[in-house]
């Protein structure tokens, strides 16, 4: 499904923002909110995994239904999951397209990555001693 | 112990009655003393003009509004950029320079003390943070009360003591220096997009008039024995015909203090317009100065404009919006809850505009028509009329009829008939200029006894030595030398240390902030007044306990305590 | 022990009415705060000591060693980037600017990926605004455009707008009309008297249409603009023009969607136009607790609110060129110092990935996504929890953050001061 | 006289170079010029192989040719007033800032802010130009004020923002918001454009391709034949969100 990737702040994302290694953070930041009709069209249920692909890359998220999300839109809390597929083009303004990245959403069985794994994919090394 | 000996100085020190004597100045640990040991560092002033450090009694250099002027002006920051060099930090900006830019340029011009013209108490912390980054001048902040709800309530109750109590509490909370009224009542009306048009018009919802606010605040100010008088930006700024409001205002000012004025009227140029529209605007400087010349209780400053691009910024929000509707450039507005307003727009004063030419002429007329230079101080309401770096040009204009004539010849047509400037022969002398740039300010601000504005024994050793030989320069003819001479001191000495030499800053600054702790009787302490506390907690958006500025924001605070009144 | 009137440092609301209960140097209870405040104070897990990445893993190092190595990294760089600053106090931010000026770095703060476009718009047309108390005491019309305070600024509506009792608005809920404009039907939209659902990227066109209608050019406007009916827009203009005091708050829905700062410019010009009829103000809902403070400090010290490049000695500013995401995307910088922020999580992937390719140091109380991309992580105090200092609220009101407890960490201002001293041959700023 | 500058291989090729010294006039006195790489000062010869052919007595006869990887070199031709510069490959940002005379030809692509605040002279870009082609500086009310910028490929977003004078001619397509805040001058886009001329005050814009997301605040005032483009165009006045009196001509369907 072709759609617009929209991102924004949410209370749970904010509450766990200083606990990025936690399961709670992973669960709030990796949720992809879709209009229930779109979920039906994709043949997926609440909690199923989806793969979101953009020119910048791809990411696996957990699909969650949300009535408030428009058709052909996917909403993800700001954070490393959304950013894994957002282009760094800023149109000369310094600001990337955090709210208007075009994306392709499809069902997948691939596993969800942790924040540490995402950072390792960028060349980092996860620190896990706290 | 550090000692400095300035020899061969040609001193003009109006407060001590010294006018061009060649003398030596001894300095120990930041103060002027009788004599120093032979180990003292020596500066040979070579008979150059030596004055007490310059004092700006009305400038906008720090705080929310000034910083917003910078924030919205990247185009101005491209002007005046300098690199880090020695002790000097990077600077940017011409009409709204960075804090270091302001401080270095003032210092290069020999200025050592500044009064920030407008500080909203709620945002006072910001002003004080910028003061610490304006290191080469001692600072003080006029505190805004023009739309203060608690003040207006007390004024409505005709309660001078209560008014004084609110002022005292607020000044202390804001670490402020004196009372500033900007378009009194008008800034509250602007809260709902309205303005007032005269001093006897009621402030909506508060049932007081500007006249009542002004007179009650004057009496409260004197009851509190504040060092400075009420500092007023009159109503109706910048409107053709507004001179009548200004005269009416002057007429209600009593003469209450033998030591200084009872009212400081700021940037009067903007308040001295005749006519009724921009088309027939004219100068009413003669009427204004006629009033001031017979009212020793009033001191004003010029509010001179100079041609070029600059930024207007004032607590007078409605005036800025009106100006914006004329200019269609960018406009910022920032109203402060329960206290005041503010507005900012960039302007260009052009010689092609007859209105601008008349404004330019009025400022000069005010200075030339005021008999006593202590009653008309040299300011541009920086940066509203012009950035302060233009002061030397203004000095040149005041000292030279020839310079004025040359400038007048380049103005738009139709100006001559609407001002008296072209006919004025007066040329101010060095002593007049010394009064209008330091002695007058020190007296008006009430800081002579803090050791400011003079070079007597015990005074703070703030000294400016200009590369000007008054015995050989004829300012009337050689006005360019005057202008150049005042642009860059040979030495600026701040509290006994040479801070700037030939325009270059050579040490880190260590300024002080003066503030007034006005004492009130125990029963008038607002922090114990349940009604005041209740209203505060209800309508402000910060808690009362988080409102006062902590001492940590004034690392070198100088508290001036007043006597408690009865 | 109960601490009263504590300031929450989390978001730009800087609510200053929290009550904190502490026991033996630990915070045990937070009252009056929202969920974000509670989590900020109660759930504060820190990195215990400085760490350094090795070939195979992570090792603990001393503060002295971490500071010295950081200084060496910065000293050797041809284009260092100093980024973050928005979750710490003004005192640390000031030293950051001095470091940047000393070493010819680019310094940028998090507004670059937040309200940077709002700043660009303000630089074009100015900003008619006010402190939040003006809105609380006066506003009878509130517009939330492209923002979701229920989620991002949970107490904004109860402290300053919809539900706040004001002097001229004693019955807030009855007397205030709330309009919400968004692409999503958010929880904020749920409480609106009027909800305007806009198609993605349609904000600019809708704002233009509103301006034209305010100016009496209604006939030019087509029947539907970006999914919004002309009738609804006419109705909204009527509500605005007859308001006694209107306030527009906007968020990332305007700054981040296509057109970026032009959307905000258009919203400001609408506000300007409405001021010819009544009183109207507009304000960005700023995110990080002290992001506005970083703008203020950068401005008074350098002249520019963010994205300042000192490479040539003077301060140069050009968002799109000197902004952190662009500098990382182009792979320009060869060292980075991150302070009080998490670009690893908040920057697009290629920008974040460059941090792992260069020596990156992060100074932050918490382990975050950027930790993994860094060579060194130096933990420090958290402003407003175990460090005091100034923060600027979203409306420019400066508030002193309190030190509520002591956890034995070094203040980031102190760490930065030591780095500065190293770089400046032992002399302070 | 011809000055050929061929870029040398650099240890850190991504570092930007600022080279406002590269304007024809400066080579009258030799090639002893300073450029900046990151925060370091460099001599021209550290960054380029320099070849000088012939001599010149006046700057208008000087041609500067840049070869090699020049895509990270900024501010080439800044304040240029005469002579010519030819860039064989791509050029970095701010090429031709404040230019008042002479000619710059870019055979490859140009990065953002090509011809920023230009006053006169000609810039030809054979490839694409990125964002903010022929515009102004942040906060300034006037962008390009004179001269001509011609781009044979496409441009990015905000092309000709705040255009106040001169001509901008794009043979390909423009991105989002070409001609936004226009105050004067002439903008021609032969290809497509999205949301052209938002908030325009004055000046004229012609678009021969397809307009996406036409703004609702332009008032259609008729049709006109444009002989120089051999088309019939719908003529709009605007932007009426503002007090705009600009003209926007879009090829009729």
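Letters A, B, C and D mark the chains in the order given here, with residues in each chain numbered from 1 onward.
The working rule: a residue touches a chain if its C-beta (ideal position, glycine included) is under 8 Å from a C-beta of that chain, and two chains touch if they have at least 3 such contacts.
Model, not experiment: these values are computed from the prediction.
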item: Chain nearest the overall C-alpha centroid of the shown protein atoms; value: C
item: Of A-C and C-D, pair with higher C-beta contact tally; value: A-C
item: Chain centre separation (subunit C, subunit D; CA means) in Å; value: 34
item: Rounded Å distance, subunit A centre to subunit C centre (Cα mean); value: 22
item: Distance between chain centroids, defined by C-alpha means - subunit B, subunit D (Å); value: 46
item: Subunit A-subunit B separation of Cα centroids, rounded to whole Å; value: 55
item: Shared interface positions of subunit C, touching two or more other chains; value: 120, 123-124, 201, 258, 310, 312, 317, 319-321
item: Interface hub residues of subunit D, defined as touching at least two other chains; value: 112-113, 131-132, 137-139, 176
item: Shared interface positions of subunit A, touching two or more other chains; value: 91-92
item: Contact graph of the chains (line, ring, star, complete, other); value: other
item: Complete list of chain pairs which touch one another; value: A-C, A-D, B-C, B-D, C-D
item: Touching residues (chain side subunit D, partner subunit A) in the complex; value: 112-113, 130-132, 156-158, 175-176
item: Footprint of subunit D on subunit A - complex, ascending; value: 91-92
item: Residues of subunit B that touch subunit D when the two form their complex; value: 72-76, 78, 329
item: Partner subunit C, residues of subunit A touching it in the complex; value: 4, 6-11, 14-21, 56-57, 67-70, 73, 75, 78-80, 83-100, 115-116, 118-120, 122-127, 129-130
item: Contacting residues of subunit C [partner subunit D, same complex]; value: 77-80, 103-105, 120, 123-124, 201, 204-205, 207-209, 211-212, 215, 217, 220-222, 225, 258-259, 262, 265-266, 269, 310-312, 317-321, 330-332, 334
